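The following pair of complexes shares a single chain, chain A, combined with chain B in the former and chain C in the latter.
And then the complex of A and B:
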C-alpha cells in the first residue's frame, strides 16, 4: 500500500502566538439583500442564515432543501442564477463548534447570474459527520459534475444522485482523501533525508498501478466492442499530461473520457500549510502561462478578507501586468494551437514566441524572472516599475498590432485553417452556461460576459475596451475571439500607460505590507511592524471570501476561508481550465479523431491548473 | 608523423569510441515530453531566440523508441511516476536523463503527499538543472554538461556487469578532475535494478 508519511509536521502550521480567539469560525452573514429576502421568503426555516458577508451575498441552507434552492435560483426570473461557477468544501473539524451549525463538512457553491450581474454563495452543512452526504447539484447544473467529483476525491464528501461519482485527480486506489484536516501533508518530513536504502523505493513508481496482468478498467459508459484508443498522458498534442480514453467507431468519436490528475501537486493542501504571503509564489506554478493573473486572483481574494485599500499606482501596474500576461498566454495558445492543427505551422510557433519573449523580457525587467514572477503581492506589487520599463512597453505596444495582423494573414482566411476549425466543437449558449464554462469558451458561445467589465476589479471600470463575442460556438469563433482579445489588451495597455499615476506602489498599511528598509533605522514602530509581519505574518480576520478574475483562460477564482490566523484554514482554487475541459466530451462527440486535437487547443488548457 | 602522414587529405584516424561519442553528443534527440512549468521553458529553448538546434537536439521525438534523452521538465506526481518509469524503460540504450528544475531534481516547493521528491527516486539522472524554472540558458548549459559526459563514455561502461559493479560500491569511484559530474561519469550508480539471471 501507499506510504504516505504518517508524521504530522506541526512546525509547518503556525498558529498565531498565544491568541485564544484563534481559530475562529467565519461569522454568519448579516443583513439582507433583495435576493436573500426572496430566498428566505420561499424557504423559511430551511435557510439557516442569509445576508451579506464581506460584501458578498451568502445563504446557508439545510441539505434537504439544497436541490430545491438550486432549481429556484435557476428558474425564478427575478433571480436567474444561471450558472454554477464553483463547488468547494470545508472540513470544520479543527474549528470550534458553531452555535447554530454543527456539521463537520460544509460544501460551498458559487452561483452567478449573467443577466443580472450578481454573485451568490451558497453554503450547505453536510449531514453524516465523517461520512458526509450532500445531494448533488449535477441534475440542475451540468457544470457541477466535475467539481463535485473533485470534492468527493479530495475531501470525501459523497453526493447523492451524482451521475458519475468516482475519483478524478488522485489515483483510483489512493487510500485517503488528502484535503481532510486529519490527513497529514505528507512528503519528506525533513527534506533530503530519505535515501535509496529506504524501503519506500522498492515500490515507488509502481505503487499506484494495478498489476500488468489485470486488464485496465474502462470508464463507465464505454463499450469494449468498439475500438478504445488511449491518448496521453504522454502525447504531443494534449498540452501536458492529460489522458483521454476515446471510444471510436471507425474514425468517429463516440465517447471521450478525460483522466486527470497526472500533474496533481497538492496546491490546496500546501496552501493550507503556508502563510498567506508565502502562497503567492505557489500561484505562479498553477497556470504557468499566466502567472501574473494567478498572483492577482489570489491577492485580490486575500485583500477582500483584509479589507485593505490598494493605491492607484499599484492598481494600474497590476492592470498592465495582467494584460501583458494575457497577451503572452494567448500568443502561446496560438502557437501551440497552430502547431497541433497544421503540423507544419512551426513558423507561427517561432513568430508568436518571438513576440512572447519580448513580454517576458519586460517581466524580467520588473521582477527578474521570466515565467514564475510573483510580482503582484498582497497590498500592491513587489517593487516599483524600473525607469526604462515604460519606454520598452511603448515599443512593444507599437509593435504588437502589426504582428497580430501578420498572424491573421497566415490563418484567418486560410482555407485549411477554416476547414479544420469551422463547425468543430460547437457549443450552444445554453450548454456553455449550464456547463459552467468561462472566458473565451463562454464568449465563443454568444454570452456577452467579461468579469473585467461586468464585475470590475483593480480599477478595470476606468478603461475603455470591447468584449469580443462570437455566436458560432465553434473553434473558429473562439480563435477569432482570442485574437481580438489580444488587440483589446493592447488598447487597455495604452490607456494604462497614459494614466499611470505617481504615488505608492504598495499600500502603506503597515499591518499588511512591510515598512521600507530606511524606516527601520529611525522608527521603533516600523521595527515592530516588521517583526510582527515577519514572525507572525498577516493577521486575516475570520471569514470567507471568493474572488474571481478574468484570467486569460476564463474565470480564475480563489476561495479562502480564514480562521483568524496567519495561515489560510481552507484554500480552494477554481481553475478555468478545469471547468472548461469538462466540455471536451460534448465537443468531440460525433467528430473525427483528429478533431480532438483541435478541441483541446481551442479550450486552451494548462494542466498545472486543471490538476492543481 | 605516423600513419596520418601517409593518408591522403580528408582522411582522419580516431578511436571508434570517440567517433560514436561524437555522433551521439551532437544529435541527442530529446523525448517530446513536458510535465509542468519547466516544459514551457523547454519549448522556449527550442524556439528562435535560444535555438536548441545548435546542439542538434531540436528534433523532439514523440516516441520513446526514437529518443535518446529524457528531459524531466517539471514536478513528478505519484500518478505520473509509473508513466515516466515506463517511458524511460521504453527508450533504447544509450539513453540519458536531465532533471530540469528543482521539482524534478528534489521535489522543490512541493513537499507534500502528491509529489515525488525528485525523479531520481524512480529513474537514474545524469544532469540536474537547478532553477524554478531554469532559464533556457541553464538548460543549454545542462546539454553542454551532458555532451561532456557523453564524450567520456566507453563501450565497456555500457556493459551490464560493469554497471552492476558500479552499483555495488559507488563510493569507490574516483572523481575525475574533482567535478561532481565527473564523479559519476557514465557509471550509473542508481541504474535500473537488474534482475538476476
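And then the complex of A and C:
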C-alpha cells in the first residue's frame, strides 16, 4: 500500500504578472580574472565560459576535462585551490534552453584557496540527458565523497570513479531522486520498507515474536567476524538521530560507518517552493542551535543576488546577533561535550547551559523567540533593538569572561579532561584541507582560516579579533580553539556595542523590504510596494550565488540559483556539520569505543543540519 | 533457650537491618538527586511531598508496576538471577560491621576482614552475569569492563585492608573499633584514606569509575536490557553498596560508632546514630566527586590501577609492617 499525501503540487512559478522574461537562465560569467585567464590558457576550448558572475569567479567546464581541471587547480602553485568546499547541482529542465549549453543537469563545485584567499565556482554541464554522469572529483579532493553521494541521492547525477556511490540521505530503496524538477512537492508515493502485503513482513515482523532474528545488511568493508555495534539512531551521545555502525575488536575500533538521513526533511526542496522571504523561517530549523547564523547565511546569499545595500546599523546588529549565537552554540557544545565525556553527574553541563539561557533571554528580547528566531531578514533585521537590550548585553559581556575562566578551571586545569582528549581524533593539516573540513575542525589542524577575517561579510573587516589556531589536530586542540573563540566573540561584541551607529535597521529599498506602516496612509507608492511584496514577494534577478559564512560549526554556505521569479529555482545548503562529519571514520579508527563519543562531540554536529 | 539466641535474634536483626538498608537506599537516591541538583544550580525533586521526600516511594511504585520485559535471546534463568546476585552481597556484607558498643550488625566473627574481602569478591558476579545473559553487545562490553575493573581494584583494596589489619592486630571489626589507637596510627591511616576511597569508588562502580554503565558510550552498560523492578534491584545494589562501603570506611578510618575522644562512650543507643552520621558525610563525598570529576577512559583506568595504585599500596604495606614491628 502506498501512502499518498493529499495535496500534490507541481512545480510552478509564482504569479509574476505575465512577465515573459521569467523563468530565465543565470547569465554566463563575463570578463576575466588572473585565475580564469590561466584556466582558459590551459584548457582552451574545454572551457565553455569563464569570468566573473555576481563578483564571483566562475568557470563552466566540459565534463571530460573536469578532473584535469580539478587537478590543475589543486596542484598549480599560482592557483592553489586546495579545498573543495561544496558540491551541488541544478536541474535545468524547467528553464529555457541555453544558447551554448543544453545539458539538463549542472553540477556546481565551490573551490577555495586558503593560501590565496580566493574562491572559485566551477560549473559542469553533465552529459547523458536524464541519466547524467559526471566524473567524480573524489580521487582529487577527498571532501567530495559525501557531497557527491548527496547529489547522486537527491538529484540522480551519477559520478564515475566514485569510491562508494550509495544513497546517503534517502532510504536505500527510494524510487526517485526528489530534487529533480519533475518530482512534485508532496503527493509522491512513500514506499515504506515494509507493507502489510509484503511477503517479507511475515519474517521480519516475527522478530518481535519468538523467532530467529534476521541480521541486518552490513555497510561495505565490514566484517561480521568481529563485534558489530549499532550506535544510534537512538543513542545518548550521537547528538540526535545519527547512526554509527561500529566494528569492534574488544574495545578497539576497527571501522566506523555513519548512516545519515533519519532527520532528512527536504529543506532544499521546500525552499524551491517557497518565496525568498518565506524561507528564512525554515533556516532556523536546520542548525537549531545557531539559528541566527543560519538566517544570516541565507539572507546574505539572497542579498548577493539582489545586490542590495544593507544599512550600517543593521550590519552591526547582525554581527552582534551572530556572535551571541556563536557563544550560545559553543556553550551548548561545551556542555554536551562534557556530558559525553564525563557523565551526567558533571555539573559543568548545567553551568554552561545557565549562561546560554542568558543569551537566549536576549534573543527573546529582540525577537520574541528563543530558539527559532528568524530575526535576520532579507534587507536587514526584523525590528530595531529594544531600548533595554544594550544594557542587558553589557551585563552579559561583563559576566561571560569570568564564567569561561571558571569552566577552564574545571576542565583545562584538571588532568582527566586533558588525558581523555589529547591525541584523540588526530587530523593532519593536509587531511583536514583535503576532506573539506571547516571551522574549528580546520583551525584545529593548523589552518589559519576564518571567513570572518579572510573573506569578510557584514562588516567584519571593521572588528579587531584574533583567530585561534591549534597545530595539534586533536580533540584537545579543538576544545581549546572553541574556548578561545568564545572569548574573541566577546571582544567583537564589545567593539560592536561601542560602534553601534544610529540609522535604519533595514534597507529603505522598497523593492526588498516593506515600507513602515505609517507610510501606507500617506503614500500611494508605499501601498503598491507593500501589496507587491506581500502578494508576489521580492523578485530576484536571474543568476546564481554562493555565500559562505563562518557559523559556529564551520562554513555554512547557501547556493542560490534564481530564475528571476520570487521563488528560488534551486537552493542548496552546505551544512558544516555534514561535511565535518565525514571525518569521523578516519578520526575513530584505531582508537577505543569511548573515543568515538569524544570525536562526535569534538566535531560538534547538529543532525538537523547534517540531514537537512 | 538456645534457639532464641541462635535463630530468632539473628533473624530479627537481619530483618531490621534489611529494612533500615532499603529505606536508606530509597532516601539515598533522594539525597543524591537533591545534592546533585544543588551542585548543578537546579532544585531537584520537589513535587512529591514536602521537599520531594515522597519521591523515592513514587519511584518504587513506578518500578514495581512496570511491564516485565525479557529479551528473547537472553539466557532466561541467569537473566532473572543476576539482579538478585548483585543485591545479596551488598546486603550480607553488613553482617560484621559493628553498629554500637559491643553490638555487631549480626555477628562478631573473628574473620570480619576476610568476610569483607570475600563478599567484595563475589559482588561482580551479578554484573558479569547480567551483561552476559542479556545477549546485547552493550551489556557484554559493560560486563567485561566491570569484571576487569572490579578484579583489578580489589588488589590494591585488599592490600590496603591487610595494612589496616596489621595495625589493628586482629581480624575482628568489633575489636578494631574498640581498641584505642595511638596518634601516629590515626595519621598514618588517614594518609591512606584518599587512595582507599578511590578503590572504593571503583569497587562500587561509582562516578568517575562508572565505566560499566557509562550512559554516553554503552547506553546503560550491563543493565541495558533490564527494566522495571529488575533494574531497580541493580540500582539498589549499587546504592546499598555505597552505604555499605561508607560504613566500612567509617569503621576502619573514623572510629565507627564512636564519637571522637571517647565522648558519651557509655550511651550505647547513640552508636547507630553516630555511625549513620558518619555514613551520610561519606556519602556526600561520593556525590561531590560525581558532580565535579570527569571520567577516565577504560585503559587509563586500568593503567592508573596497575601502574600507580598497586605499587603505592604495596609500598604502604611494607612501611606499615615496619611501623608495626618497631613502634607497637
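The working rule: the second predicted complex is superposed on the first by the 567 of 612 C-alpha atoms of A that agree within 3 Å, B and C clash if a C-alpha of one lies under 4 Å from a C-alpha of the other, contacts with A are read in each partner's own complex, and residues count from 1 in each chain.
Just so we're on the same page, contacts are C-beta pairs under 8 Å (C-beta built on N, C-alpha and C of every residue); 3 or more make two chains touch, one makes a residue touch a chain.
Predicted, not measured: the structure shown is a model, and the values here were computed from it.
Asker: According to the stated criteria, A:597 is in contact with first (chain B), second (chain C), both, or neither; which is it?
Answerer: After superposition on chain A, A:597 lies in contact with chain C alone.
Asker: Which of the two partners, first being chain B and second being chain C, lies in contact with A:241: first, second, both, or neither?
Answerer: first
Asker: Should A:543 be classified as contacting the first partner (chain B), the second (chain C), both, or neither?
Answerer: neither
Asker: Figure out whether A:608 sits in contact with chain B (first) or chain C (second), or with both, or with neither.
Answerer: A:608 contacts chain B only, not chain C.
Asker: Does chain B (first) or chain C (second) touch A:229, or do both, or does neither?
Answerer: second
Asker: Considering only the touch criterion stated at the top, classify A:285 as touching first (chain B), second (chain C), both, or neither.
Answerer: first
Asker: I want to verify the contact counts: of chain B and chain C, which reaches more residues of chain A?
Answerer: B
Asker: In the overlaid three-chain picture, which partner chain does A:340 touch, first (chain B) or second (chain C), both, or neither?
Answerer: The second partner, chain C, only.
Asker: I'd like to know which partner A:414 touches here: chain B for first, chain C for second, both or neither.
Answerer: A:414 sits against chain C, while chain B stays out of touch.
Asker: Regarding the shared-chain residue A:251, is it in contact with chain B (first), chain C (second), both, or neither?
Answerer: second
Asker: Identify the overlap between the chain B-contacting and the chain C-contacting residues of chain A.
Answerer: Shared contact residues on chain A: 235-236, 349-350, 354.
Asker: In the complex, go through chain A and note every residue touching chain C.
Answerer: For this pair, the touching residues of chain A are 210, 213, 227-229, 235-237, 248, 250-251, 338-347, 349-351, 354, 410-411, 414, 416-417, 419-420, 592-597.
Asker: Hey, which residues of chain C end up touching chain A in the complex?
Answerer: 36, 39-42, 72-73, 137-138, 140-141, 144-145, 207-208, 210, 214-219, 290-300
Asker: Once bound in the complex, which stretches of chain B touch chain A?
Answerer: For chain B paired with chain A, touching residues are 32-37, 39-41, 43-44, 47-49, 62, 64, 74-75, 77-85, 87, 106-107, 109-117, 121-123, 132-133, 135, 190.
Asker: Report the residues of chain A in contact with chain B in the complex, numbered from low to high.
Answerer: Residue list for chain A touching chain B: 2, 4-5, 170-171, 178, 183-188, 191-192, 194, 196, 201, 204-209, 233-236, 240-241, 261-266, 269-270, 281-282, 284-285, 288-289, 332, 349-350, 353-354, 357, 370-372, 607-608, 611.
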